[in-house]
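Each in structure tokens, the structures are laid out below.
What follows is chain A paired twice: with chain B in the first complex and chain C in the second.
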Partner chain A sequence: MSLALRRRPPVRRAAVPLSSRSDRRLALLLLVPATATVLLALGYPLVRQLGMSFQRFGLEQQFGRPPEFVGLANYQAMLTDPTFWAVLGRSVGFCLLVAAITMAVGTAGALLLTACSRPVAVAVQVVMLLAWAMPVLSSLQVFQWMFDSRSGVVDHALAALGFDQMLGFNWFAQPSTFFAVAGLLVTWMSVPLVVFMVYAAVTQIDTSVLEAAALDGAGPAQTFRHVVAPSIAPVLALVTLLQIIWDLRVFTQFHVLQSNGGITEQTNVLGTFIYQVGLAGGDYGSASAAAMLLLLLTLLIAARYIALLLKEPA
Partner chain B sequence: MTTVTTPPTPPATGAATGVSAPGLRTAPPALGRRRPGRRGLAVVANAVAVVFGLAWLFPVYWMLNTAFLTDRQIQQRVPVLFPVGGTGSHFAQVLGSPAFWSAMRMSLAIALVVVLGAMVFGFFASLALSRFRFRGRTQLIVAVLVVQMIPAEALFISQYRMLDGWGLLNSVAGMSLLYLGASIPFTIWMLKGFVDGVPVELEEAAMLDGCSRMGAFLRITFPLLGSGLVASSIFAFLASWNEYTLALVALTSDDARTLPLWLTSFSGQNQVTDWGAIMAGSTLMAVPVVILFMTVQKRMASGLTAGAVK
Partner chain C sequence: MASPLPNPSRRAVLGAGGALGLAGLLAACGGSSGSGSSSGGGGGASSGDLRVWFMKDSVSDTAMEWLKTTFEQQNPGSTLTYEIQVWDGIVPKLQTSLASADSTPDIIELGNTQAPTFCAVGALEDLSDLEADLGGDQLTQSLVELGSFEDRMYAAPFYAGSRIFFYRKDMFEAAGVAVPTTIDELTAAATTLQQANAATPGFSGLYLPGISWQSCIAWLFTNGALLASQEGDTWKGGLSTPEGQASLAQLQQLWKTGSASGTVTDSTTASQPFVPFNTGETAMFFGFNWHLKSIDPALVEAGKVGYFGFPPVSAGGVGKPFAGGSNVAISASSSKKDLAKAAMKLIFAKEFQEYFATEGGWVPGNLQYAAALGSDELSTLTTEAVKNSVGTPAAKNWALVEGAKTVDDFYVAMGAGKDPVSLAAAADAAMEKVLNQS
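Right after this comes the complex of A and B.
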């Protein structure tokens, strides 16, 4: 059984009787500190934000003017604003594309590990672990430096390969190359996890099945399609959903990279858009509405993930 | 900070696979390699794997390389590929900077509060969910999972307003509260898996010997959770150590920066970016993370779906 699936059996229903009354009271007491902290740190802001999303809450309100209830006006304004749709489209497009590339590269990498010799496989896994462990900010700085227009190694490597016009090229000055670098960075950071998860799933496949397939004359392509792929499908589904959730909320990379180019408007994704409208622009009402939409979108995708997670392993 | 975990399962060392380097899986004696036609395939696979590995290694190497180069070497037109004739001066520069140490203190203080709080509160809650059956338990478990999915970006507007209203911006307390909210759910989820693994009979025996229920939890169960507590602590530590988004929002003053904020404060202000110092700083930030990562990597791959540190 693959590792992502070897989890505890799902919550049993009805079969287990309730604990005694005094035990239930102890259970409640034990839950209080954690629940109270989470409610304070996340629950209360969530309620307040929901309230703010129905209010006109701008700069005036910050200076003491009482917020005015405007119903769904913020949502309506957001949903009829072409800027918001452009941001949403960019976010979703980036997220799906990067998640797809990450899954393809990660799965290919994992299969590669099963096909190459042992020392190479161990070395690649050590590299994957290193890349995975790199803090986001460290990776971000390295990528900015690699793609630096003055003495970045990428421009020079491309020039050395004959693309002379790439010398001094500013990757962060136009949206297409900005997204390319951001996508490359996010992919670089995400692939190691996919490699480990998929590789773990592949190594759990019963070797006798693979041998039987080989005896029956299956080539590598057929073996993959009919034996390997079905066995690792549940893991692939879980990891894909996770990647989509993570890539949809990407913020740090964009926020930091935007400081290079001055093309913030054209490169905003949902996270940076909310930040700009709310914290930089002071329009808390609109930003709250956009944030609630992001939350809704995330939870819709997450519901699928949690359902998979709680499902009895097949 | 969205954190996502799957419950910790014992590391899946498949019986057929054999383990070579500590904790690293190796391939099954796979896919009929002995067949003569496959030799060529193996050579190609090795070559592609080496290229793949080098591509993922390069940014890490480039960070280290640049950190050890002199400023003149860094600003040369043609990149210097090896730190020959390099210097440790960038590290000295960072380690001698008060801003670095101020950020280090801030990061460590917050991480300490978060780790302690998450462990204590998480341990209590995981006991309740693991040992008792009460109405709403299933819903609570689902809630623990759902809460982990909430992106920081979806709440930071009102989290900022909340801390602002309480005068807790730029404070360890305020930052720790936000990080605790994000860390407690995955700590509960992880620790619950470990508590499930401790036989109830041990607690019952202690209670027969006169221990109270809570006494049995603290004296019997708690010490048996050693590795689980270490692993969850490391996750909570890494989550707070690496976090950028909420820190950016809630730590607006220069004196209250954490390390991730400090690292971005280099760029932008100066005309010529000091890449040597930035790479040295990036390295210093990465080293403790890599070490901790190595110590829990088995559990990383088996239990946690990287959420905590992403």
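Right after this comes the complex of A and C.
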């Protein structure tokens, strides 16, 4: 935040006559509530989690017994556990695939919106906003009903189309179809935000540039590749990164769908694995270590973006 | 490029991303627990709002209303609020809420299989001094054992129940099937019924979802195996024992020819076995006596519904279903322990205990009041089932095995027809790892 202060554009500094010391003090004072909130709300749990990852912290400790410092033992146990690596591979694969599909569908949707007449574009955006604003548990319930093996509409529709063996098909009993349904749900809930952000960026593009491209004989594909995509690159990069982070730490969808499947172990992703080890398994120390590893992974993915943010000139 | 996105907007985007990204990063490290503040002292406020957590299908509305009204009459100025919890995911929920004085309910119901864990870690108030007031020797002793740690009682017996079979008399008659008296006869009966009703899509001779592990372990227990048993100081899984393997072979044979429901994996669907029974999609299900009130009254009135207990392996033996039931306890971090103890005495009063039998269909924790269950066929079978029932290991860490869903996953795999030998070895190893960790 002090970075932002230092980078205040010189134009504004000249425009506002200032007694620079008191102005600066006021600015710092105004920053205090926000900083304190962030530190309390996010800093405390993070510090505590870091501490717990170096402790043997089980159920007894949860109920008051003092924990024992064990150094890196939790990390060592986690990194030598083949289950952890299997879960990590599953999570990374899932998040990359789903983020890619989300971006492709979302960007395509945004471009389609620009080609629609205004009333249609508004109507589509309203519908998307509703889908996006729907609480995740409600969406989950709808998906559970849709894919229910006894009375779900999907099985019946597929059977009506001639796929007789799909009647009574249990989507949640094999990892492959489980991940397909979970991926569909996650994609469905994330596409609207991508559409909004990309659409907003695309409509900012100077129409004269697009006209010039058209006059030069560029087709739609060329226009997108050479004009639109470079113009909205920062937005695309940002949204892709956020999608990857969000899809990597996905929890609720998997946790709820697991109660339909009975294949918990084979469908654990990092979020549910940490929950399983920590909350269900009562091993808070190991779970904290796994959570720190997830944080590290997220930071690695986001590193380039953070570097970009810090270097960005005023 | 003539900067179609001017710099300020580009920066704004990056800035917004920074904020969202930071939130995302930090939220990535969820799972931090509340601090382990466990107040040692008892006592507390003399009036206030007492929060009570009971599980779904445990306590009838009539009993709950009686408890609330009586408690509020006897303790002027205090109120009693009850919340109904669901079984799925209750272990993690209790772990986090019981630990802090702000979030803890004052009185909680614990599944009997989960009670040993919570007794051992100091999450519950010692009730030993109260034991005589609650019923003393009349309390169900198997539940007292599960609710005790190092000879102190922390969780009192709430109620017990065991499953029995419901069957369609008309379907049995039409298929020429008699009530089975051994496990093999049960499989044969289910097979004949399933063939006789092949015209009904998805018909199961016996409705037995793979995810219903608490039903499936009746086969394990009746064959003489346990989920895990203690040898000296170490726990050893029982699924790989010859008896365990015999029970799995029987189950897989049943799912192959006498039940199409082994692949049912949704826990909510599985908890309502009366649904396919009512719709004529099965001839039998394994359920609790109180499921009777969910059965289509037309079937009951027409005399089409019959009952029988879990059959033995061979004639002369006994069928051993899973010992269902609950304990009830006071949270150690409760700030209203005196009020909670007053409410606890009401829970063990004659009225409330008898409601278990008359309204709920459970065997009350204080056996002195079990006679209220009645002497009809269903009640007699249930009482018999409870008497022969076997529980999950009374191990400190058993709740963690349940939390990890090891047994759930295992029986789902069995229902899907997977290999019983290698999977039993893996499940045994997973249970042993958790049970033997200190």
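Definition applied: the second predicted complex is superposed on the first by the 247 of 314 C-alpha atoms of A that agree within 3 Å, B and C clash if a C-alpha of one lies under 4 Å from a C-alpha of the other, contacts with A are read in each partner's own complex, and residues count from 1 in each chain.
Following the convention adopted for this analysis, a residue touches a chain if its C-beta (ideal position, glycine included) is under 8 Å from a C-beta of that chain, and two chains touch if they have at least 3 such contacts.
In this text, all values refer to a predicted model and were calculated from it rather than measured experimentally.
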Taking the superposition on A as described, I'd like to know which of chain B and chain C A:Arg118 touches: first, second, both or neither.
first
For A:Ala173 in the superposed arrangement: first (chain B), second (chain C), both or neither?
second
State whether A:Val98 touches chain B only (first), chain C only (second), both chains, or neither.
neither
Using the superposition on chain A described above, determine whether A:Gly278 touches chain B (first), chain C (second), both, or neither.
both
Pick one for A:Leu88: touches chain B only (first), chain C only (second), both, or neither.
neither
On the A-aligned overlay, A:Ile263 touches which partner chain: chain B = first, chain C = second, or both, or neither?
second
Who does A:Arg65 touch here: chain B (first), chain C (second), both, or neither?
second
Share the list of chain A residues that count as touching for chain B in one structure and for chain C in the other.
42, 45-46, 48-49, 52, 148, 150, 204-206, 238, 242, 245-246, 248-249, 251, 259-260, 271, 274-275, 278-279, 284, 287-288, 291-292, 294-295, 298-299, 302, 305-306, 309
If you look only at chain C, which of its residues touch chain A in the complex?
1-2, 4-5, 9-11, 13-15, 17-18, 20-22, 24-33, 35-38, 40, 88-89, 91-92, 95-96, 98-99, 117, 121-123, 201-202, 210-211, 263-269, 332, 397, 399-400, 403-406, 408-409, 411-413, 416, 434
Can you name the residues of chain A that touch chain C in the complex?
42, 45-46, 48-49, 52, 59-65, 148-150, 167-168, 170, 172-173, 201, 204-206, 209, 230-232, 234-235, 238, 241-242, 245-246, 248-249, 251, 258-266, 271, 274-276, 278-282, 284, 287-288, 291-292, 294-295, 298-299, 302, 305-306, 308-309, 312, 314
Which residues of chain A touch chain B once you look at their complex with the stated criterion?
2-4, 6-8, 11, 13, 16-19, 23-24, 26-28, 30-31, 33-35, 37-38, 40-42, 44-46, 48-49, 52, 109, 112-118, 120-139, 141-146, 148, 150-153, 156, 188-189, 191-193, 196-197, 199-200, 203-207, 210-211, 214, 220, 223, 238-239, 242, 245-246, 248-249, 251-252, 255-256, 259-260, 270-271, 274-275, 278-279, 284, 287-288, 291-292, 294-295, 298-299, 302, 305-306, 309-310
Chain B - residues contacting chain A, complex:
2, 4, 6-7, 9, 12, 14, 16-17, 20-21, 24-32, 35, 41-42, 45-46, 48-50, 52-53, 56-57, 59-60, 62-63, 66, 74-79, 117, 120-122, 124-125, 127-129, 131-135, 137-138, 140-142, 145-147, 149-162, 177-178, 180-182, 184-185, 188, 193, 196, 213-214, 241-242, 244-245, 248-249, 259-260, 263-264, 267-268, 273, 275, 278-279, 281-283, 285-286, 289-290, 293-294, 297, 300-302, 305-307, 309-310
